[in-house]
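Common to both upcoming complexes is subunit A, partnered first by subunit B, then by subunit C.
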Partner chain A sequence: METVLQYFSINPVFYIFATLAVIFALMMVTSENPVYSAIFLVLTFFCLSVIYLTLEAEFVAVIQVLVYTGAIMVLFVFVIMLLNLGRDAQLTEYAGPMKYLSILLGFAILIQIGLATKVTFSIGAKGAYPIERVNEMGNTEAIARELFSQYLYPFEIASILLLLGMIGAIVISKKRPD
Partner chain B sequence: MNTMLSAILGVLILFGVIALQGLILVYMERKVSAWMQSRLGPNRVGPWGLLQTAADIVKLLLKENIRNERSDRVIFFLAPILAFVAPFAAFVTVPFAATIGFRDLDMGAFYVFALGSSVVFAVIWAGYGSNNRYALIGAMRSAAQMISYEVPLVTAVLGVFLVAGTLSLREIVQLQSQGLWYVAVQPLGFVLFLVAATAESNRAPFDLPEAESELVAGFHTEYSGMKFAFFYLGEYAEMLVSSCVLVVLFLGGWLIPFANNANVPTWLHLLSFVSKVYLIIFLMMWFRWTFPRLRVDHLMAFGWKVLMPLALVNLLATGLIVYWLKS
Partner chain C sequence: MIGLYHYLMLSLILFCIGLAGLLIRRSVISMLISIEILFNAVNLAAVSFNRFLYPNSVTGQIFVVFIITVAAAEAAVALALVMAVYKNFKTVEVSGLTTLKG
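This part shows the complex of A and B:
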C-alpha cells in the first residue's frame, strides 16, 4: 500500500487518468448498448490525451482529440445511429471456444509488450529530441521536422492509403443496384 | 499549490465573465434585431430593458425540469454540460492582451478546434438521450452540419498558419504587429472562416437546429429549464470563442490599428480586443437578420461544393506564394 501511495504522489494526474482510461476501456468492451460503448471509447480517448499532456506531448494530445474523438468517433456514432443499433439492439454474438483463445492471445500480447518495454526501451533515456530541445523548438516543429524529412515516404504512403479509402467509399456509394 | 489556486481563481473569473457575456449578448441580439426590424426591443424590465435577460434567467431557473420517462438519464444529463464545458475550456489558450491569458499552447489554434469538434458529441448525446424521434433526427442533422463545416473551417485557417509559420495564437498576434494584419494577407481565408464559424456555432442562416417553426427545433426539443439554458449559454460561448479566434488570427488580436503598440497600457489593448470581438459578433447578428435560413440540402451543398473547394484553392495558392517568397 505504501509503495502505491509513493508512486501516486510522484505523478497523481497520470495515475488518476490511467486508472480511468482502463476502467472506461473495460466498460466500453462490456457494455451491451453500442451507443454506450462509443461514449466510453470517447472517454478513454480523452483520458489518453490527458496522459499525453503529462508527457508534455501537447501536439499528440490535441491531435488525439481532434482526429480520434472529433472525427473518427463522431462517424462511428453516426453509423451506429444510422443503422439504428440503439437501446434494444444488443450485440450479443456467440463466440464459442474462440473466446478462450482470444483471452489467451490477449495475455500473450500483454506479456510481449511488457517484455519489449523492459528489454528495448530504457525509460528516461535521451534520444535526438530530449525534452529541453522539444520545449525550445516547440512540439509541433519537432514532429514536423521528423515527419517531413526522415519519415516522408511512410507519411506519403499513409496519405495515399487514406485517399484510396475515400475514393473507394465514393465509388461504393455511387454504385446503384439496378 | 499557488499556481493551482491562481488557476482555480482564473477559471472562476472566466466563468463569471462568460456568463455575464451571455447575458449581454442575448440583450444585444434582441436590441440589434429590434433595430433592424424598426422595433423597440426589450424596454420594460430595468432601464432600457437591461434587466430583461436577467429576468429570463430567473424564469429558466424556476421552470420545471422535465425529463422524458424513457429518456436515457445519464446521457440526457451529460449532454448540456458538455455543450457548455467544451467551448468554455477553449478560452484557456486565447490571448486577451499581451500579458493577459491563461496559457499559450504551442498549437493553441488546434486546441480550440479540437474542443470545438467535441461539441458535436453534446448534440448527438442530447438527441439520443431524449428518446424522441424529432430530437434524434435533429441531432443527426446538426451533427452532419457541424462535421461538414469543420473541414472548411480548419482548411481556411491553414493559410494563416502557412504565412505565420506557427500555431501559437500569441505568436500569431505578435507577428501581425510587425506587418499587415492577416485579414489583408488572407482575405479569402477570413471570409471562409467567418462563414464556416457562423455555421459551426449554429447561427442563422445556418440555424437549422433551432428551426422550431419548420423542423420542430432539433436536438434540444426535450430540454427545458436550466438544462436548456446550458445549451443556450454553450452556443453563445461558442460564438464568443470563434469570434476571439477570428480576431486573433485575422484582425491582430489586441493590437490597436494605426498606433504604436509598444507603450500602450494593457487595459487599452484589452479594450481593443473586446471591441473587435463585439464587432465580429455584431456582424454575425447582422447575418441573422439579413439572410433567410438555408434548406438542409442547400446547406450541405454549400459547405462541400462552395466553401471546401475555395478553402483548398486558398491553401494551395498560399502555399505556393509562401514557397516562392522563401526560395
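This part shows the complex of A and C:
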C-alpha cells in the first residue's frame, strides 16, 4: 500500500490532475446545458480524488468518489432529467464595459489572495497519530478511531442532520392537499 | 517538489471558478453545482493543511468527512426546493423568481 501511495506522490501526477481539474471546472461553469455541467463536475471530482491520493488521504479520496460522484451527482442529474430543463436553462451573458472591468478586478482579487497566502507556516504539535502509526495501520483506521472516540457527538449530530435533511426533502417536495 | 502552496493555489483557483459560476449562472441548479465546487475547494485546503502542517493527526480529514455529510444534506434539501419552485413557477431561472420583490 505504501508503494502505491509513493507512486501517487510523484510530481507530474499532481500537475496533470490539477490542470485537468481546473479545465473541467472551467468547462463546467461555461457549458450551457446543465447535464454537461453535471458531467464535467463529476470529472472534476475524479481529478480531485487523485489529488487527495497524492496527499496520502486515501479514505477521503474514496469517500469523494462514493458520496459525491455516486450519490450527490446522481441526485443532481436525476433532478435535471426530471425537470426536463434541456436547453432553456442557458448561460446568460451580460455584455458591456463593466464585464472587462469585472474580469480585471477578479484577477486582482485572485492575485491579492495568492499573495496573502504567502505567509510562513510551521508544522504543528504532535497529535495522537504519529506518521509511523498511520502508515502501519492505515489512514482509514486512524480516521475511524478518531471519529468514533473524540468526534462521537459531532458524528451523531451529523446523522441527525442527515435524517432532518431527508425528512425536509420529502416534506418540501410532497404534493400538498388542496 | 510539490508543497503546501501548490495545493492552496489549486484550491484558490477552484474556489474562484466556483464563485464565478455561482455569479454568472442564472439557473438555480447550475448555481448549486457551482456551490459543490466551492465545497471541494475548501475540502482540498483542509486536507492539504492537515497533510503538511499537522501530519501526525487526521483532524482535517475528519472535518472533510463532516463537510461532505453536510453537503449531501444540503443537496437533498436544495434540490427538493428546486422541485417545489419549478412546480409553482414553471421555471428555475433566478430572474423569474421575484415574488418577494413587492
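Everything below uses one rule, namely that the second predicted complex is superposed on the first by the 121 of 178 C-alpha atoms of A that agree within 3 Å, B and C clash if a C-alpha of one lies under 4 Å from a C-alpha of the other, contacts with A are read in each partner's own complex, and residues count from 1 in each chain.
FYI, a residue touches a chain if its C-beta (ideal position, glycine included) is under 8 Å from a C-beta of that chain, and two chains touch if they have at least 3 such contacts.
Nothing here was measured: the structure is a model prediction, and the numbers come from that model.
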Which superposed partner A:Thr54 touches (first subunit B, second subunit C, both, neither): second
Residues of subunit A touched, compared between subunit B and subunit C (which is higher): C
Which superposed partner A:Thr44 touches (first subunit B, second subunit C, both, neither): second
Which superposed partner A:Asn139 touches (first subunit B, second subunit C, both, neither): both
Touched partner set for A:Ile63, first subunit B, second subunit C, both or neither: both
Partner chain in contact with A:Val77 - subunit B first, subunit C second, else both or neither: first
Overlap of subunit C and subunit B interfaces on subunit A (superposed complexes): 59, 63, 71, 75, 82, 139
Of subunit B, residues touching subunit A in the complex: 75, 105-107, 110-111, 113-115, 117-118, 120-121, 124-125, 128, 136, 140, 143-144, 147, 150, 166-168
Touching residues on subunit A, where the partner in the complex is subunit C: 9, 11, 14, 18, 21-22, 25-26, 28-29, 34, 37-38, 41, 44-45, 48, 51-52, 54-57, 59-60, 63-64, 67-68, 71-72, 75-76, 79-80, 82-83, 85, 89-92, 94, 106, 110, 113-114, 117-118, 121-131, 134, 139, 142-143, 146-147, 151, 154, 158, 161-162, 164-166, 168-170, 172-173
Touching residues (chain side subunit A, partner subunit B) in the complex: 35, 39, 42, 58-59, 62-63, 65-66, 69-71, 73-75, 77-78, 81-82, 86, 138-140
Subunit C to subunit A touching residues, read off their complex: 1-2, 4-10, 12-14, 16-18, 20-21, 24-27, 29-30, 32-34, 36-37, 40, 43-44, 47-48, 50-59, 61-62, 64-66, 68-77, 79-84, 86, 92-93, 95
